[in-house]
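Have a look at this one before I ask anything.
Order of writing sets the chain letters: A, B, C and D. Residues in each chain are counted from 1.
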Amino acid sequence: MGVVGVGRMGLTHAENLARRVRGARLVAVTTANEGRAERVRECCGEVAVYPGLDKLLSSETLDAVCISSSTAAHADNVVQCAAAGVHIFCEKPLALTLPDCDRAIGAAAQAGVKLMVGHVRRFDAGHVEARRYIEAGAIGKPVVFRAISGDVDPPPPSFADPAVSGGLIVDAMYHDLYLARWLLADEVERAYAEGGALVDPAIGAVGDVDNAVVSLRFSRGAMGTLFVSRTCRYGHDLRVEVIGDEGAVQVGYFRQTPVRLLDRSGVHHDMARTTPERLGDAFVTELQAFVDCIRHDTQPPVTGADSRATLAIGLAATRAMREGRPVDL
Amino acid sequence: MGVVGVGRMGLTHAENLARRVRGARLVAVTTANEGRAERVRECCGEVAVYPGLDKLLSSETLDAVCISSSTAAHADNVVQCAAAGVHIFCEKPLALTLPDCDRAIGAAAQAGVKLMVGHVRRFDAGHVEARRYIEAGAIGKPVVFRAISGDVDPPPPSFADPAVSGGLIVDAMYHDLYLARWLLADEVERAYAEGGALVDPAIGAVGDVDNAVVSLRFSRGAMGTLFVSRTCRYGHDLRVEVIGDEGAVQVGYFRQTPVRLLDRSGVHHDMARTTPERLGDAFVTELQAFVDCIRHDTQPPVTGADSRATLAIGLAATRAMREGRPVDL
Amino acid sequence: MGVVGVGRMGLTHAENLARRVRGARLVAVTTANEGRAERVRECCGEVAVYPGLDKLLSSETLDAVCISSSTAAHADNVVQCAAAGVHIFCEKPLALTLPDCDRAIGAAAQAGVKLMVGHVRRFDAGHVEARRYIEAGAIGKPVVFRAISGDVDPPPPSFADPAVSGGLIVDAMYHDLYLARWLLADEVERAYAEGGALVDPAIGAVGDVDNAVVSLRFSRGAMGTLFVSRTCRYGHDLRVEVIGDEGAVQVGYFRQTPVRLLDRSGVHHDMARTTPERLGDAFVTELQAFVDCIRHDTQPPVTGADSRATLAIGLAATRAMREGRPVDL
Amino acid sequence: MGVVGVGRMGLTHAENLARRVRGARLVAVTTANEGRAERVRECCGEVAVYPGLDKLLSSETLDAVCISSSTAAHADNVVQCAAAGVHIFCEKPLALTLPDCDRAIGAAAQAGVKLMVGHVRRFDAGHVEARRYIEAGAIGKPVVFRAISGDVDPPPPSFADPAVSGGLIVDAMYHDLYLARWLLADEVERAYAEGGALVDPAIGAVGDVDNAVVSLRFSRGAMGTLFVSRTCRYGHDLRVEVIGDEGAVQVGYFRQTPVRLLDRSGVHHDMARTTPERLGDAFVTELQAFVDCIRHDTQPPVTGADSRATLAIGLAATRAMREGRPVDL
C-alpha cells in the first residue's frame, strides 16, 4: 500500500501500516517535504518517497492507497486512484461538496475498486459496544442522541478556513454526525444550528465559528442535541450518549490514566488531551478492517455513501446556522 | 405561615416548615381532601386545616404563605394573598402566561409584600458551587450551557395537559431555563426546539410532547443545548454543565448511594430516581431563604421577574417547536 | 428522653431527638457548662438542663436516656440509668474494658431495660445495602474484609490519650470492627497490628499511635485488612469492601457534592471532610430504631454484647501492636 | 535478540520485540513445542526456532536474550546466558530462593552483562505518575501502602504448586511488593500474613493458599496492608494507593471501556479482566527500557538486586503466614 500525504494523520496511518496492520505492507508515501520524508523513515523504516500521487502511481504497483491529503484534494485523488485500479481508503470527509462526493463514489464504482472512508470512531471499542447494546434492545427505542466534541486548542486559521476544512460543523462535528446515523440506524431529516466565533477572533476572521450547537430531527422522530468546540481547554472531550425509552448508553469519560491525587484541596485527576490518547487503537482497527475487506473481497464497513450522507447533514446544519432557520435534508 | 395546597410539593413544604425551617411556624394548610389533611397531621403535628384560601385568610393572622396549589391557580392565589398583606412564597412557575405573571408581580408590589418563586435548584449545594466557580472566573467566559432533565415516569395525562402544566418545556425544563440565565448571568435572545410524543401516546393525546431538545442563543453570544424527558426510565437524571473558554464546570452524577456491586457481569451501582433523593436539603434551604428575607426585611433571592423571564423562554421554545422555526424573545 | 452529655455527639443526638425522631420527645439534657446549655436551647428549643445524671434522674420521669458522656463514664452511667429503670441508648463503645462491658450489660439485663449501643454505620443506607447484597448471596462466600477509616485532623492529645479514648484502634477503628463482624456474619479469632505515631508527636507523647494497620482472621477462614488514620488530610475517608468468591461489594467514594471543575490542569472535585457530610441521616435512623424498639417492645438491633465483642477485637489488636505478635481472641 | 520460552509471557515479549520495540530485532526463540513455534511465526513473522537454550546460544550470535522460561529455570538460564556474554532481560522473579538470586546476579556481574528483571508495573504510566507525585512531595511523608492484586481465575494446580510458582505471595503479590519499595523509597523490615485455600480446594491440595493478606512494616515507620487473590471473579483488580501525611495518591479503577449502560435496574459498566487490558503498553515500555540501556550502555532501571529484595519480602511474608508470627527481614 501507499500513503498519499503524510501530515499528522497520514503519518499515523503510515506507521500503523508499517508496523501494526496484519496482511499489509507499506511500500511508499508521497510528500514534497524532505522533513516529513525523514519522519516517515524514522517511524516506518525504509519506504519509497515520491513527490506526488502521479509519480507514486506511475512508479509502484500498489494494491491499495490510503489518501490523507488535504480534504480539498480528496475527490481528485480518489478519482485518480480509481482510474489506476487501486483500492482506496480515504480520510474523512470524502469531499467538501456533495457533487465531489458523487464524483468520487462514481469513479470507484466504475473502476470496481473498494472505497472506504475513515470513520474511525466506529472502530473504537466503546462505540462498538454502545451500538451492540442498542441493537440488542438494551435501551429500547432511541429517543435522543447527545454528543460533545471538543478540541483543546483551535487549528491555525489557514486550516480552519471553511474553504479548506468545510467549516467547524463539517470538519469537527463530522464524527458525531455519522455516529448519530449509525447508532440510531436512522436518517436525519432536519437540522438547526447556532454558532459563533466566541473565543478565537482569528477563526472569525477567516469566516468560521469556533463553537456551535446543532439540533437534529430523525425520520422516525428521535432528536439530536450536539455541541462542538475548538476551544475546550480542559481536554479532548468526546462524549456520546443515546437515551431510549427503556434506558441509555453513554460513551466517554473524564479519566485518562488510572491515577487520582487527593489533597487538602480535593481530588484531582487527568483527562485525555489528544485523539490518540482518547481513541487508542481505533486507527489500527480501522485500517485492519480496510485491509481485511480487500483480502477477503468483502464490502467495506464504511462506504462513500456513508460519508456523503454525513456531509449532507453537516452542510444542512452549517446553512441553518448561517441563515437562522431549520434546514430540511 | 400557611401552606396553600398540600399535594406532593405542598406536603413537602408543610413538613419542612413544621420541622426544619428555623424562625417559622406552620399554622395552617388548605385542602378539601380529608385524606390529605390526615397526611398533613401525621407529618406536621397539629395544624389547622381549611377547605380553601378564603377561609384560611379570614380565619388566621399569617405573616406569610407558601402557595403550592395547581399552577393554573397560582396568579389568583398570589393576588388574593397580596391583598391580604401576607408575604408570598409561590411554587414555580408563577403563572402559565406572561400577563398572569405581570398581574401577580404587580399585586405583590402594590401591596408591598415580598414575593419569592420556588427556583429550588438555585439552593442546591452543587449548583451554588458551580455558580461560585463561574463567578470566580474558573472557567473563563461561558460559551455553552448543556443540560438534561429527565423524569423516570410521565405524569398522568390530566397533569401533562398543556392547559394545566404549560406543556413539557414550560413545566419540566423550567429549572434548566432559570439555571441557564443564572449561571451564565446572561439573557436568552432566541430559542429553537424539536419535540415529539415519542414514547407515551397518552401525552400526545392531550396535545403535549414527552421528549424535546431546545437550542438557546444568549445576548452575549453563548449558546445552550438542552434535553428534557418525561420517560427517562433509568433514573431522575439532572445534569448541568457550563463550558467556558478556560474550563468547564459540571453538576450531576450517576451514583446515589456509595455502594457498588462487582460480579462476573461487570460493575453495578444505583442512581437517584426521585427529586428528594437527588436534591436533598435544597427544599429546606429554599424556604429558609424566604423566611430569612422576611425576618431581616431583605430582597428575596428569586423574584417574580425571574420567574417571568424564565417562563418567557419556555413559551418561546414551545412556540418554536410548534412552528418549526427559531423564535426571538 | 434525656440526653446525658452534650458534647459534639450529644448535641447531635439532642437535636435529632428534638426535631427529627418520630415518637420521641426531648425533655432534658445534662451539662455543667452554661455555653453548651445555650447551644442546646438554640438547636432544640426549650428543654430542662441539669448539671449531672443524678439530678436528671431525680427530677424527671424519663422513658429512656441517650448516654453521650465521656467513654470512661459510660459503664457507670449505664448502671445508674438501669437502676432507675430507664431504657438506654449508649454511644459507642460501651466501655473501655471487658469487665466494664459485662457490668453494664448485666445491670441492664437485671433491670429489664433495653440497652442499645451506637453502631451508627449499621444504619447508613450504603452499609445496609451492602449487607443485603451479601445476605442475598450476590458475592458468594466472603473471603476478605478491607476497610479504611481516616479522619482529617487528629483530636487534641487530651482526647487521644488511651486512658480516655481506648487508643487509636479501639476508638477510631471501632466502626470498621463491628462492620466486619456484621457484614461477614462471622467472629474474629486472631488479630495482628502495626502502628506508629508517625505524624503527630503530641499523640505519641500521650502513649498512642496516629496510624495503624490491622490484620484479622475470622473463624470460617476469611481475613481482614484494615487501615485507620487520624491524619488523613484529604478527607474523611470511610471505605469498606467485602470480596467474596463470586463478586465484591464496596461502600465509599470520593465525591461529596455532584460538582466537577475541569480546567487546563485536570479534573477536580471535592470529598467529604466531616462525619455528618459522609453519613447524612444515619444518626437519625439509628435513634429512630432505638425509639421504635422501645415503643414496640422489640429487641434493639445492636446489643451490649455486640459492643463487647467489638471491643474485644480492638483490645486484641491493640495488644498485638504493642507486643509485636498476633493475639488470639 | 532471542526469547527463551514462549509461553504466554514469552509470546508477548517475542511479539513486542518483533513489532513494537525500536532498536531491537527478534532473531530466534526457543520452544520444544511445534504448536507454540507456529504461534510465534504467526505473531512475529519468520524467526528461527530452537528446541532449547543450548542450541540457541550455539547457533546464533545474539546481543541479548529475554528469559521467559519457567521460574524454576530462571537462575540457570541467567547463568548460562551470562557465560555466553549476552545481556539479559529476565521475567520476574529472578529465582525462587535468595541463593539462586545471588548466583544469577553474581554471574551477570562477573560476565559484565546487563541484567534486568521484568518489574512491568514500574513502566505503567499510572504507577510512574504516582511515583512522580510522591517524589514531588504532593502527599507529604508516606504513611501507608495499600494494595490489592486479584486474578479472575486461579491457575491450574500444577502451576500454583509452590515448588513451581513460589506460592501465592511470592508469585502473585510480587508486583505489589516491589511497588511498595519503589513508591515509598523505603525498605521492609517486618512482614506478617494470613492466608488460606478458601475457594479452590485444588490449590490447597498442592500446598498453597488462594487468598492472603499481608502486613508490612518499613524501616522509617510506614506500614503496608495488602491483599492478594487468585479468585477475584469480578475482574483483574489491581489497585495501589499510598497515603501520606499531606495527601494520597491512588492508581487503579473500575472501568475498562468508556461505556456505561443505564437501565431500570441501575448503572452498569465493565472492568478489565486480563493483564494486557489493564496494563496496556507497559510491556512494550519495559522492553524498550531494556533495549535502550544496552544501546546507550546505561544501568537497567530494575536490577537483580531489586528482584532479590522483593523476593526476600515475599519469602518472609510466606513464612509468617505458615508460622503464625511476624517475621523480620
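For this structure, a couple of remarks:
Everything that follows uses one rule, which is that a contact is a pair of C-beta atoms (placed from the backbone, for glycine too) under 8 Å apart; a residue touches a chain by one contact, two chains touch by 3 or more.
These numbers come from a predicted model, not from an experiment.
Between A-C and A-D, more contacting C-beta pairs join the chains of A-D. Counting every residue number used by either copy at the chain B-chain D contact, over half are found in both chains. With each centre defined as the average position of its C-alpha atoms, the distance from chain A to chain D rounds to 39 Å.
Note on chain placement: the centre of chain A and the centre of chain C lie 57 Å apart, centres being C-alpha means. For chain A, residues that reach two or more other chains under the stated contact definition are 233-234, 246-248, 255, 260, 262-264. Listed in rising order, the residues of chain C touching chain A in the complex are 233-235, 254-255, 260, 262-271.
Residue ranges on chain A touching chain D, taken from their complex, read 19-20, 125-126, 129-130, 133, 138-139, 246-253, 255, 257-264.
Across the complex, chain A is touched by residues 140-141, 143-144, 146, 148, 150, 190, 192-196, 198-199, 211-213, 215-217, 221-227, 229, 231-234, 237, 243, 245-248, 324-326 of chain B.
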